[in-house]
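Look for chain A in each of the two complexes below; its partner is chain B in the first and chain C in the second.
For the complex of A and B:
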C-alpha cells in the first residue's frame, strides 16, 4: 500500500480523533471529578456551534470574525454551564446515578427545544476565511487546512488540561477532591466552588468543541445525538475520568474509523463498537481508568 | 285559525332553520390533512420548504372555500425527526386522533416505507412528495400511496444516460460510489450500478462507500476515495449530509481532482451554498423551479412563495405544493372528499402540476414527472447559481418497465 495513502488516512483519522477528544474531554473531566454523567454534554456542544454561527453572522465581514466567534461561543457556553451547575446540577450531587441521568437527559430535551426556538430548523453555514478554505499539501497529500487548526486546538486543550490538573495548586485540589471530598472540605476548601469551576471548565471545552466543529460542515439539529454515542465510546475505551485515557481513546476511535473506511467501508462503525465492547468485557474501567471507577 | 297560522310560521322557521343547519354543517365539514415531515433531524433542511409550500397551497385553496369550494382544509403538521419509528407513531396519531384523510410527507424513504402500511391499514391516502425510493411503490404495493416525485430508479436512469455519454467521451473506466447507508441511498446506488452495467458495460465499480445517515465528518471518506484514484465518483447523499460532504470535499480540492457527475444538487444546495458551491459540477435535481417558469402554475407559485417567505422555493417545496394540488384534482375528479372515491379517481389520472401536465402510471401510482440534469453555473437573474445546459429526462423515458415491476412483485410473493 502506498505510504502517502496511509499518511492521508492517518491524518484524517487524527483530525476525527481530535474532534472527538474535544467533545469527550469535558465529559470525562466532569465525570472524573464530580461523578456526574452529563448526558446533555453533546447538546451543549451543539449549542456552542449555534452560538459560533450567531457571533460569526455579526462579524462575517471581518477576516478575524470566525476565530473570535469560536472563542466567544466557548465563553458563552461557560456562562450557560455556570447557570446549569448552580441551578440544577448542584442539587443532585448526592442523588442516585439514575436521578442524575434523568436530569441531564431532561436537559437534552430542554436545550434542544431552546435551540430550535432560537435558531429555527434550517441548517446554518459558516463560510471559512480564505486562510483555511483551501487544501494544504503535506508530503504531496491534500489535507483540509482547517483541520490543522483543529489538531492544534486538540493538542492545546490536552496540554492545558494536563498542566492545569498536574501543575497548578487548583488542579491539585481538584484531583484531591476526586479521592476524598470530605478531606478536602475539612481543610477549609469549599467543595461546591471547586465543582462549579470544574463543570464550567468542562462546558467551556464542550462549547469550544462545538464552535470548532461549526465551520467544518453544516450546523443542524440532531447533530448531537450522532456525536454523543462516539464520545461515550471514547470515554469507555480510555476510562472515565482519565485525561490520558480520553486522548488515547479518541485517537483509537478516530484511526480505527479512518482505516476501516479504507479497508472495510461497510464495517467502520461496527469496528468501533466491537473495540468498545471488548474493552468493557476485559477491562471495564477502560485502558487508563482505575478499577475504583468500574 | 290564528293558532294554525302561528303553527305554520313556527314550523316553516324550524324547517328553514333545520335546512340551513344541515346545509351549513355539510359546508363546514373540514378536510383534515396530515403532514408527516422531518421538522428536525437529518431531513430538516429540505422539509422546512416542504411544510411552507403545503401551508401556502392550503391557504390558496381555503381562500376559495376549500376542496370543492366547501371543505376547508384543516392542517395537522407532525415531526418525524427523520426516524421511521417516530414517523409511524405520528402517522397513527394523525389518523386516529386528528382523523386525517390523507398523510403528506415524507423525508427519508425509510419513513415513507414505514408509514405506507399504516395508511393502507386505515385506508388513508398517502402522498410521499420528497421520499423517492422506488421500493415505496414497486413492491408491497398500496393503492393508497401516490408518488409525485421522480423515484430513485427514474433519477438513476437519468444520471446513467448522462454518465454513460460522458464515460464514452472521456474514456472513463473505473468509478466508486458514495451513498448514505439507508433505504434511499441503497436503492439509488443499486439502481445506478445496475443501469451503468447495462448502458456502460466497460465501466467497473471499484469500491462502495456507505457513510451513515447523519455523518458530520467526511474526511476519511474523501481521502479513501482519492486513494482509489477513480475516474469519477457517483454520490447519493441528501440534505445536510450532502451539504457537509460538498463543503468538506471542496476544502480538500476534491472536485478539481475527481469528477463528481450526477449527484443530487437540489435548489436547496444551490441557494444555501451559493458562495461556496463549485461551478461546473454536473448535478441532478428533482423539481427546479427555474426549469418551468414558463408554466403559469409554477410562475404563480414562485411569486406567491417569495411574497410569503421571502425566498425561492426548493425542489421539495415544489413537490409538496404539487402534492396538495394533486389531491385537490383527485377530489374534484371524484366530486367527493371520500377517500375511497379520491383514491380511485387518482388512479391513472392526468393532473396539472407546477412541472407541467403529468399522469399517474396505473401499475405503481408514480407520477410521470421528469428528472433534471445540468451544469452548475452563475446566472444574472438569480442571487445563486442555477443549472445551465439543463436536460429534462421525462418520466416515461426513465421509469422502470412495467414487466420488471410485475416480476419484482411476483418474486416478493
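For the complex of A and C:
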C-alpha cells in the first residue's frame, strides 16, 4: 500500500467524518441540553437534501443557485424544527425515555412518507456549478473538489458552535441549562424558550448537513435509516453533549470506515458498531463526555 | 384462578376464529400471534425489568434465520428448528446481554441498538451463509402445516404455550425479583441479590421467546430478509407495548392485535401505512400514555367508584391481569 493511496483514503475518511459531524453535532446538542434523543434527526437531514433539490431546480439557470439553495434549505428546516418543537417535543419534556423515543420514531415514519408524497420515489440529482464540478489534484491524488467545500463547512460549523457556546451570553445560558435547569430558571430565564432555540439550531444544522450532502450524489429515499445509527455511534463515542467529542467521534467513525473499506470491505459497518459497543461498555459517557446526571 | 375465566373464552374464540373469517384474515391472525409473542417477550425486559431495549429485533431475526437456514439447507423437522431458534437467540443474548446489563436507561437502549445493528450488518453482509440482502427464500413448512388454517392452529398452540410459560415466569419469585430490580435496583442489591445475573437471565429468556417468534415467521412467510433485524423492526414491539399498556401481562398482545389488524386494513387501500401508524404513535404518546389497558382500567375505576357512591352492593369485581 503506497502513501498516495493512504492519503486518498484519509481524505475520503475526513470528508465522510465531516458529513457525520454536521449531522451528529445537532443531535448531540439537542440531547446534551434537552435530554431528548431525536430519532428523527436523520430524516430531517434527508428533508434538507430534498429542500435543497427543490430550491436548486427553481434557480438552476443561475450559477449561484446551488449555494443559495443550501442556505435556503437549512432555513426551511429550522422553520420545520420550530413547529415540531412547539407542537410535539415540548409536551414530552418530562415523560419517560420510551415515550420520547417513540414520539420521534413516529416522526420518522410521518416525515419519511411526507417526503415520498412530495418528491416521489425517483432519485434526485443536483448538477454542481463548475467551481466544484471537477476533481482537484492534491499531491497527485485526484480529490473531489466539492469535498473541500464540505470540509470547510464542517470546520465552520464546529467553530461557530464553539464560539456560540463558549463566547456568547446565550451560549453560556445554554451550557448552564445543561447542568441545572432549576438554577437557570430561578434566574428568570425562560427554559422553554432556551429549549426551543436549541432544538431549532440543531435542526438548522441537520438541514444544512442534508443540503450539503445533496450535491454529493443522488438523493434517495431511505438514506436516513443507515445515517441515524451512525450518527448515534458518533455521539456515543464522543460523549453526549460534548462538541469536541462529537468532532473526534465523527473523525474516528469516518476514518475507520474509510480504511476498513480498503482492508475488509464487508466488515466496515460491523467494525463501527464494534467500536461503539466497546466504548459504551468501558466508558458509557464517551471519550469526552461527563457522567450524566440521573 | 377463577377471575381469569374470560381468558378461556378468548382462547375458545381464537380456536373458532378461522371457521368464521376468510383466508386473508387467518393470515393476519397468524401475524398477530407471532408479533404478539415478540412484543410480550420484549415486555419481559421493558415492563418487568424496566429497561428499554431498542435491539430486540436482533433476536427475532436470529431466530428467523436459525429456523430458515436449518429448514432450507438441512431439511431439519420444524419443531427441532424452533428449539434451535430459541437456543441461537439465547446464545446471542448471552453474549450481548453480558455487556448490556452493565448499563441502564438511555445507555442500555443505545447499546442494545448498537448490538442490534451489528447483528443486522453481519446477516446483511454474510452472503454465503444468510443470503445477504437477497434474504432466504423457499422456507417451506411440513405438509401438514401447509394451509393457512393449519399453520394458524400450530402457531396458536405454540404461542399459547409460550405465553403460559412467560406468565408463570412473571408470577414466580424470579418475576418478582425482576420487579424489585425495576423499582429499585440498589435496594435489591442490598438484599443480597446479584442484580446483573438476574438481569442477564431475564434478558436471555426474553430473547429466547423472541427467537421462537422469529422461528415461527419464516415458514409462514416462506421467506425472510435481513430487515427483520434492523432497528426499525425493534421499534414495533416498543409501540405495541406502549399502545397496549406495559403493566398488564397481555398489554403487548392487545397492542399486536391493534397494530397488525390496522396494518392489514390500512395497507388495503393506501401505500402510506407508515404515515398512518406514525400519526397514531404520536397521538398515543401524547394523549394515552398508559396504553389501552391503562385506559380501560382507569374507566373501570371511575365506573366502580360511581357504583360505590350510589350505595349499590357489588364486591365481586376484580382487577384484570
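Simple rule for what comes next: the second predicted complex is superposed on the first by the 291 of 294 C-alpha atoms of A that agree within 3 Å, B and C clash if a C-alpha of one lies under 4 Å from a C-alpha of the other, contacts with A are read in each partner's own complex, and residues count from 1 in each chain.
Methods note: contacts are C-beta pairs under 8 Å (C-beta built on N, C-alpha and C of every residue); 3 or more make two chains touch, one makes a residue touch a chain.
Because the structure is predicted, anything quoted here is derived from the model rather than measured.
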Report task. Check whether A:183 is in contact with chain B, with chain C, with both or with neither, and answer first, second, both or neither. Result -> neither
**Report entry** Partner chain(s) touched by A:19 [first = chain B, second = chain C, both, neither]
**Finding:** first
Report task. Mind working out whether A:99 is in touch with chain B, chain C, both or neither, as first, second, both or neither? Result -> second
Report task. Report for A:269: first if it touches chain B alone, second if chain C alone, otherwise both or neither. Result -> both
Requested in this report: Classify the contacts of A:114 with the two partner chains as first (chain B alone), second (chain C alone), both, or neither.
Outcome: second
Requested in this report: For A:58, decide between first (touching chain B), second (touching chain C), both and neither.
Outcome: neither
Query raised in the report: In the superposed arrangement, which partner chain does A:88 touch: chain B (first), chain C (second), both, or neither?
Result: second
Report summary line: Residue overlap on chain A between the chain B interface and the chain C interface 116, 225, 266, 269
Query - Footprint of chain A on chain B - complex, ascending - result: 39-42, 44-45, 47-48, 81-82, 207-210, 212, 214-224, 226-227, 240, 243-245, 247-248, 251-253, 257, 272-273, 275-276
Query raised in the report: chain A touches which residues of chain C in the complex?
Result: 46, 52, 54, 99, 102-103, 105-107, 109-111, 113-115, 117-118, 121-122, 125-126, 230-232, 235, 238-239, 242, 272, 274-275, 277-282, 285-286, 289
Query raised in the report: Of all residues in chain A, which touch chain B in the complex?
Result: 2, 5, 8-9, 11-13, 15-16, 19, 116, 120-123, 125, 127-128, 132-135, 141-147, 213, 216-218, 220-223, 225-227, 257-258, 261-262, 265-266, 268-269
Query raised in the report: Can you list the residues on chain A that touch chain C in the complex?
Result: 37, 88, 91-92, 95, 97-99, 101-103, 105-110, 112-114, 116-117, 225, 229, 232-233, 236, 266-267, 269-270, 273-274, 276-277, 280-281, 284, 294
